[in-house]
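Labels run A, B, C, D, E and F following the written order; every chain starts at residue 1.
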Amino acid sequence: MKKYNVGIVGYGWVATAHIPAINGTSLGQVTAICSSRKLDSTELSARHGGRITAYNDFDELLANPDIHVVSVCSYPYDHAKQVVAAAKAGKHLIIEKPLCLSLADLRAMQKAAQAAKVKTCVCFECRFSSQFLATKSVIDAGLLGKLHYGEVDYYHGIGPWYGQFRWNTRKDAGGSSLLTAGCHALDALLLCMGNEVVEVTSYDTKSRSKVFAPYQYTTTSVTILKFKDGSIGKCAAVVDCLQPYYFHTHLVGSEGSLLDNKFHSMKLHTNKHAWSALAMKLLDSGDVSDHPYQSQFEAFFQALDTGKDMPLTSLAEAARSHEVIFAADRSAETGRAIKCG
Amino acid sequence: MKKYNVGIVGYGWVATAHIPAINGTSLGQVTAICSSRKLDSTELSARHGGRITAYNDFDELLANPDIHVVSVCSYPYDHAKQVVAAAKAGKHLIIEKPLCLSLADLRAMQKAAQAAKVKTCVCFECRFSSQFLATKSVIDAGLLGKLHYGEVDYYHGIGPWYGQFRWNTRKDAGGSSLLTAGCHALDALLLCMGNEVVEVTSYDTKSRSKVFAPYQYTTTSVTILKFKDGSIGKCAAVVDCLQPYYFHTHLVGSEGSLLDNKFHSMKLHTNKHAWSALAMKLLDSGDVSDHPYQSQFEAFFQALDTGKDMPLTSLAEAARSHEVIFAADRSAETGRAIKCG
Amino acid sequence: MKKYNVGIVGYGWVATAHIPAINGTSLGQVTAICSSRKLDSTELSARHGGRITAYNDFDELLANPDIHVVSVCSYPYDHAKQVVAAAKAGKHLIIEKPLCLSLADLRAMQKAAQAAKVKTCVCFECRFSSQFLATKSVIDAGLLGKLHYGEVDYYHGIGPWYGQFRWNTRKDAGGSSLLTAGCHALDALLLCMGNEVVEVTSYDTKSRSKVFAPYQYTTTSVTILKFKDGSIGKCAAVVDCLQPYYFHTHLVGSEGSLLDNKFHSMKLHTNKHAWSALAMKLLDSGDVSDHPYQSQFEAFFQALDTGKDMPLTSLAEAARSHEVIFAADRSAETGRAIKCG
Amino acid sequence: MKKYNVGIVGYGWVATAHIPAINGTSLGQVTAICSSRKLDSTELSARHGGRITAYNDFDELLANPDIHVVSVCSYPYDHAKQVVAAAKAGKHLIIEKPLCLSLADLRAMQKAAQAAKVKTCVCFECRFSSQFLATKSVIDAGLLGKLHYGEVDYYHGIGPWYGQFRWNTRKDAGGSSLLTAGCHALDALLLCMGNEVVEVTSYDTKSRSKVFAPYQYTTTSVTILKFKDGSIGKCAAVVDCLQPYYFHTHLVGSEGSLLDNKFHSMKLHTNKHAWSALAMKLLDSGDVSDHPYQSQFEAFFQALDTGKDMPLTSLAEAARSHEVIFAADRSAETGRAIKCG
Amino acid sequence: MKKYNVGIVGYGWVATAHIPAINGTSLGQVTAICSSRKLDSTELSARHGGRITAYNDFDELLANPDIHVVSVCSYPYDHAKQVVAAAKAGKHLIIEKPLCLSLADLRAMQKAAQAAKVKTCVCFECRFSSQFLATKSVIDAGLLGKLHYGEVDYYHGIGPWYGQFRWNTRKDAGGSSLLTAGCHALDALLLCMGNEVVEVTSYDTKSRSKVFAPYQYTTTSVTILKFKDGSIGKCAAVVDCLQPYYFHTHLVGSEGSLLDNKFHSMKLHTNKHAWSALAMKLLDSGDVSDHPYQSQFEAFFQALDTGKDMPLTSLAEAARSHEVIFAADRSAETGRAIKCG
Amino acid sequence: MKKYNVGIVGYGWVATAHIPAINGTSLGQVTAICSSRKLDSTELSARHGGRITAYNDFDELLANPDIHVVSVCSYPYDHAKQVVAAAKAGKHLIIEKPLCLSLADLRAMQKAAQAAKVKTCVCFECRFSSQFLATKSVIDAGLLGKLHYGEVDYYHGIGPWYGQFRWNTRKDAGGSSLLTAGCHALDALLLCMGNEVVEVTSYDTKSRSKVFAPYQYTTTSVTILKFKDGSIGKCAAVVDCLQPYYFHTHLVGSEGSLLDNKFHSMKLHTNKHAWSALAMKLLDSGDVSDHPYQSQFEAFFQALDTGKDMPLTSLAEAARSHEVIFAADRSAETGRAIKCG
């Protein structure tokens, strides 16, 4: 038996991605699943391996002292109350993005986690992707110098062909194009720029295509950001495009630039008129199968095991990204710049 | 002898690009050059071909009735008074970008040209480049549907290795990164989006590299735009980067997207998970040798010859781009959104 | 239960390709298989899913009123009598290519289908491939103008390493290189040129390689075609080559050309000296796994459901391609041009 | 002084290509030019180097005993009488393609050359191109085995942008698309197949584009050929396309195939599902600058010097290609197959 | 039942690669496995298919007359005594590389096999890889002329992430970087040069990375070789690098060169300033899944069946490669050149 | 007038490469040329620009006090006495590679330069090439860690098509393949490994091609090296190959590897199974036009101007490379390892 038992709440598509990733780590395993639908323990165990108990009542799951971690895979609007309850029950927490749809909910989760002293891991797993591990290493090795401008954008047409579309088009579920999907790009931008946001302005719009008509909110936005150290950034979140998936990154610094998997650094005396290229797997699809859940969960269980906080994607870190997203969405709504921090 | 004699004012690097381009057209030829330096007519004629008269006094040049067109190649801060004088003298006008450094000067030029009923051609020659002729044709063929989001950006490190750097670093000469160089990108964005701008917000900053320290103004800016029809856009102007020249274009519409020389269109039933590619010469350098001056001037002389207005790059059209640039620069300066139109 | 039950006749390699494709549609499912070999219903059901009844006698299968569609997957020389019988029994028909080996058989099938008013779908599934859906869309969007010359060719070395080789080398089974395999290319050429053939001339030959010695007919032919509107075409059918599979397409029109996945169109103002490229899956193998059976069958069941004729690959449409093939083969045999239509 | 003095007759574009190529050889030099226009010897010498005498009367040129070779660069309809006269005058001959417009003229030239025992070199210089030297070497090394099918095609849109267009559109000057330009492709096909043609059938047509309306003859043709050894071939000649220049080659033999610069050979045990690639300069433009005139002329002067016949492109060899072209054109005109040989 | 029953001795990773490869041949099948661990016959049969009997005692396995072939998959230091015993028992032999760790053991094995007249196949399966089948064919076709210089190198970082690392770091198991892994490269070099080695000199060293510290021997060596005919060669064996797997080949001859999958041959008249490319699967990983075990074993069973010796990888042939390796390792150890043969 | 006047001795091909490179610097200019042939000052000045005096007697040139630097471009066997004379005359020295053909000459040159306290620059200009500036920067940035193995090789077929061939085939002029051309590769290897050589072993041979028969020495050699810190290296020098020019570099260190313009570094967390790529101009031809003479000479004049020693390519530095080359050649000759240092 491995050391950490995990109970999943919400048994949809994302749960089926969490389960093998958790079971693939050296320290964790899924032992419980809670859903509003009636599930059968035997069938779940057969499907996912190991011994899984089905729950219909989340409180019952929380009452089980053999469960050490709860992974919140429910709809975004259910996250806050479940996280608060789980924290009170002393469970460590894995929480899917987006964390929630309002600043109030965000604060409630943070407060509960701090009070209960539980560890938290938010699914901004792109920080553990091949692309951003390499990108961050290039920055940290000083090859780009000090960054003063950065763009990270999310282009991914989420239409009827995509599972999430069914519920994600609702305002109270998806929230905004930046929150529901672009959050990965904005979070990656903050990772790269490594600095505090002081102001954002955001403009938004919608495609005229019928395909995307069901959305109750604007499905394209572009946000510009000012950082405390004077550098600036930009994040476009476009879920109503018809094109290949594109997670666009362009970073500009005092010693060079990075564009997706290409870079130039004055420090290496390479040809400035052509890009050098980094061997990396680009984020090129919205599917979790391309995302490094397992590396992230491994890091979380290792953190639990050594009593440390989760690196890169703790609730505290992820909360900062959400604050900027909420500010950007408020800017688009109110038509004026919003101060942060 | 060809039909239109052209007098050049300002004999710097850009003049040496205008001269062969004008002489390469079927209807125009350079017959006069005016400079604050003493020039020798014989030497100029030998160097550039044809018979060129050197002038030291611009009024003398204007007094010559055999000169039909004046091409303004002087420093940007000299444009307004020269354009006004030339228009009064009844000369048609070719004017280098940027047109001027203030809205007041812009209005003065427009007024003078209208009053004198002279024809005008502003050097936004990127509109005549292989890249944007093809891009515009793809849009006009309906392959992208109705555009709702567009980005055109200008990344070109203009440091001591680049001729322009000598004077361009001065606030009263270069103006801003958007005005001095990014203007091509913003003008191309307006061409593609084909709609009236109603509001802009712009953030700006500077590289920490010593290389760019001489600049008296911020050398990186990012501007977001709202159009009258609800669509939105974005333009980054970065003259302090250290990377290959990059004129980045990304257009998103109801039937597909275009990214530089790549595109996807639902109308062609191609694979949505990969880009189709357009054979085109990308704008990949800041040098005029890559820019289609000659095509533009040929169009201007043809317009003169048929009594029509210059297509695509008349003063009226170019003035709209400059208004947006001035608004963006004001936004960056004042820290608030600026209404246009 | 889905709406249309399908009975397969002939349980060879092609049947194993039809079954999952049929079961993959939204409206059809395989419920019967008839073979001259003794098959076991339980085993067939286990292997292919669903409930499949094994038949040894085709008449018995036809007598089953619960079977709505018959898919003819037998040897080409058996098609005619089976199609006629099935039509008489009121079954709709899916028929593998080639339809038959003689014009007499073709007419018999057409007559029977018309008399019985059953719907028909012939397996010219390349018309539903990514490559030809895109190619046809490019033509229909007018990017090539009016076509006046077209080539579609089939290069695929069918030797002992290829299953079909066992029986396909017989004159009374394979017929000719154009009929047995090149028919896909000729059919695609007619799709693209969209016009009636009035005359063909064909020359044929054989490889000197021992590998292909077992063939009882010439295994390379080249056919040229005249269309009613004056345009011309060409189709090479080569099953005795030793090279990568190649489905070569070259279309020449009044606004541009298309070469496989490349094209040039004057309408897009791209560079005429280089090809633009279309993102598409090229037909690059003779295996059905590369062929779009499922899309074709889905279209057929949808047609049945709405009482319409099968689009693109009905018996009437496919018969026209076979008439041209028979004429071409007659030309090669007789050594003179053959009139069509 | 080099050994062979050459007199040029016809001072158009092709002459300006011959002159430097001849002067670039180790044994030949241009010393005379004859044109119907008045030319100045001093000016010609200055332009082309060396000492060149201008002639207005071809007979005068022929009367000069210091001229050893005549290069015939006049319009195709003037070739025959000039060649006959030059041969009678004992001059060796370089003759541009096409040789002439009729079989009668061809026979007259052959007869005169044989009678006078002069050496001849016809400008089928593609036989000396990098592409066909390598292609022929691959065949001769046995890597393709015995060829049984071959295609060589010529796609080159010759419109108003191309110098030749001015006179080439006339029936009595251009002749046919196969004769005027496609002759290079047909000649290369015969080189590769290395066998005698016994029959041809040709179909022809025209583009509907206005661009090509001035042509007095059909500008697209496709010809199929039977060879004495049973192998077959095909040649398309398309001068009314709008696409990149394409000299398409596809050869199929008993050990492998060659497609342009790609090949597969069973003898090398490489992967049959992918092409191997040959490093070669493809014929990718209609300009003589891409054609290997100089290699060809060097070979001719070496042949003269050793008293041998010109290899690869003697009049006898080139005559065979022209006979096939005339037969093909007659087939297109008469609508029936034409026997050759 | 197929003709040859094979008993495996040593049930580690390499055995699991041999089993399906043997079972995939037309004549052989695994019927016995012998391991020092207790194995269960039923479980083995279920896992690998067929009927497999588990043995704990190798002598018992050898005593079984139904076993015709023994495949030696144990640790290298166990090979010699097992091979000798199996030969004495009259079993034919498949032996994994490296054969053994000393010349004495090598001679013992050779002697036993000769005495017993059993057939032998050593796992230098790279000789049956796509890469070296093609490379050898290019040499044999004379495209490179007579070789006078050759390099084949092995770069493959074998660290803790690689299964073998566990035991391979021991001096008495791995031996040397050249013996444990580089042996494939040296063996391939001998295959290509096709000549007897007369002298070797080898230098060796180790990476300073902690990752490779566990190795008890030097993990990088470079060996130069003199052949009897005067040609020379070189083989680097590097198992302590951090880079992509690279099996580097460079052969230089009197008609051309080959570099990995690229070549130039004067015989094909291709462009000497660029490489032609051969379509082949490069050896690009240390995993057996990339290695052609099955082709090799098929050839072995065919040899058994026709009473011939194993081509390319018999014990006699492989012994020659090991002699050179032992000489090279002795050179590195003693610091002087070692004579061979 | 610029500050440093340069006199050239030896007016062959290499001199014509030095002259524009020297004149292209900011501080130097060629004012004298000395040759054994009679040259005309006026003609030389016209050809190369500036004012150049022709000398027939080297002592006269040395006697001219206005000449500050002598560039030695004569045959290698003339270098020593000219360098000694020039040093005695107080001239600074540019010396072409190879420096000389014997250790005695090398020592004489070193002694003379030291005694005269003149500055020296040896033409190992590859150290100033784009490729090795970038390679060295990658090493110095620590991206490869500590190097323990390195290869730099020189493959360049120097046959009759190459100017140098005329005299270079003589033993007393070319010396050896390593000395005459491979010296660039060996020098670059020492630059990269940055360590003292303690021993070398070299094997040599010749191509069997007639093309290279005129060489009086072996034209292929491979040398292995031991460095003081335990790392090892290898250098092949092949001037008798028939393939594209290839300056092969492979460096292996404790954090990654570099292969030509590709690299992997564990420090950047990129994908270890694929190479990252550096934008650089590879040394891809033996022509000086590809070599960075001008950068090197600029650095030399700057060194003169600031009284510093020449960086990277001083006589002292270059002497170390020559010592290793002489040792390697002695090893090949004597058949045993040679100690260095």
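The criterion applied here is as follows: contacts are C-beta pairs under 8 Å (C-beta built on N, C-alpha and C of every residue); 3 or more make two chains touch, one makes a residue touch a chain.
As the structure is a prediction and not an experimental result, all values here were calculated from the model.
Among the remaining chains, not one touches chain A and also chain F.
When the partners of chain C are compared with those of chain F, no chain appears in both lists. Interface comparison, B-C versus E-F: the higher number of contacting C-beta pairs is recorded for E-F. Remark: chain B and chain D have CA centroids separated by 48 Å (rounded to whole angstrom).
One simple way to say how far apart two chains are is to compare their mean CA positions; for chain A and chain B this gives 41 Å. Shown for chain F are the residues that touch two or more other chains, namely 264, 273-275.
If touching chains are joined by edges, the resulting network of the protein chains shown is one closed cycle, each chain touching exactly two neighbours.
Tracing the ring of inter-chain contacts outward from chain D, first into chain E, gives the chain sequence D, E, F, A, B, C.
Interface of chain A with chain B (complex): residues 145-146, 148-149, 151, 155, 157, 201, 203-209, 220, 222, 224-226, 230-232, 234, 236, 238, 240-246, 248, 250, 252-257, 259, 264, 266, 272-275, 335-337.
If you check the complex, the residues on chain D that touch chain E are 130, 133-134, 136-138, 141, 143, 264, 267-271, 273-281.
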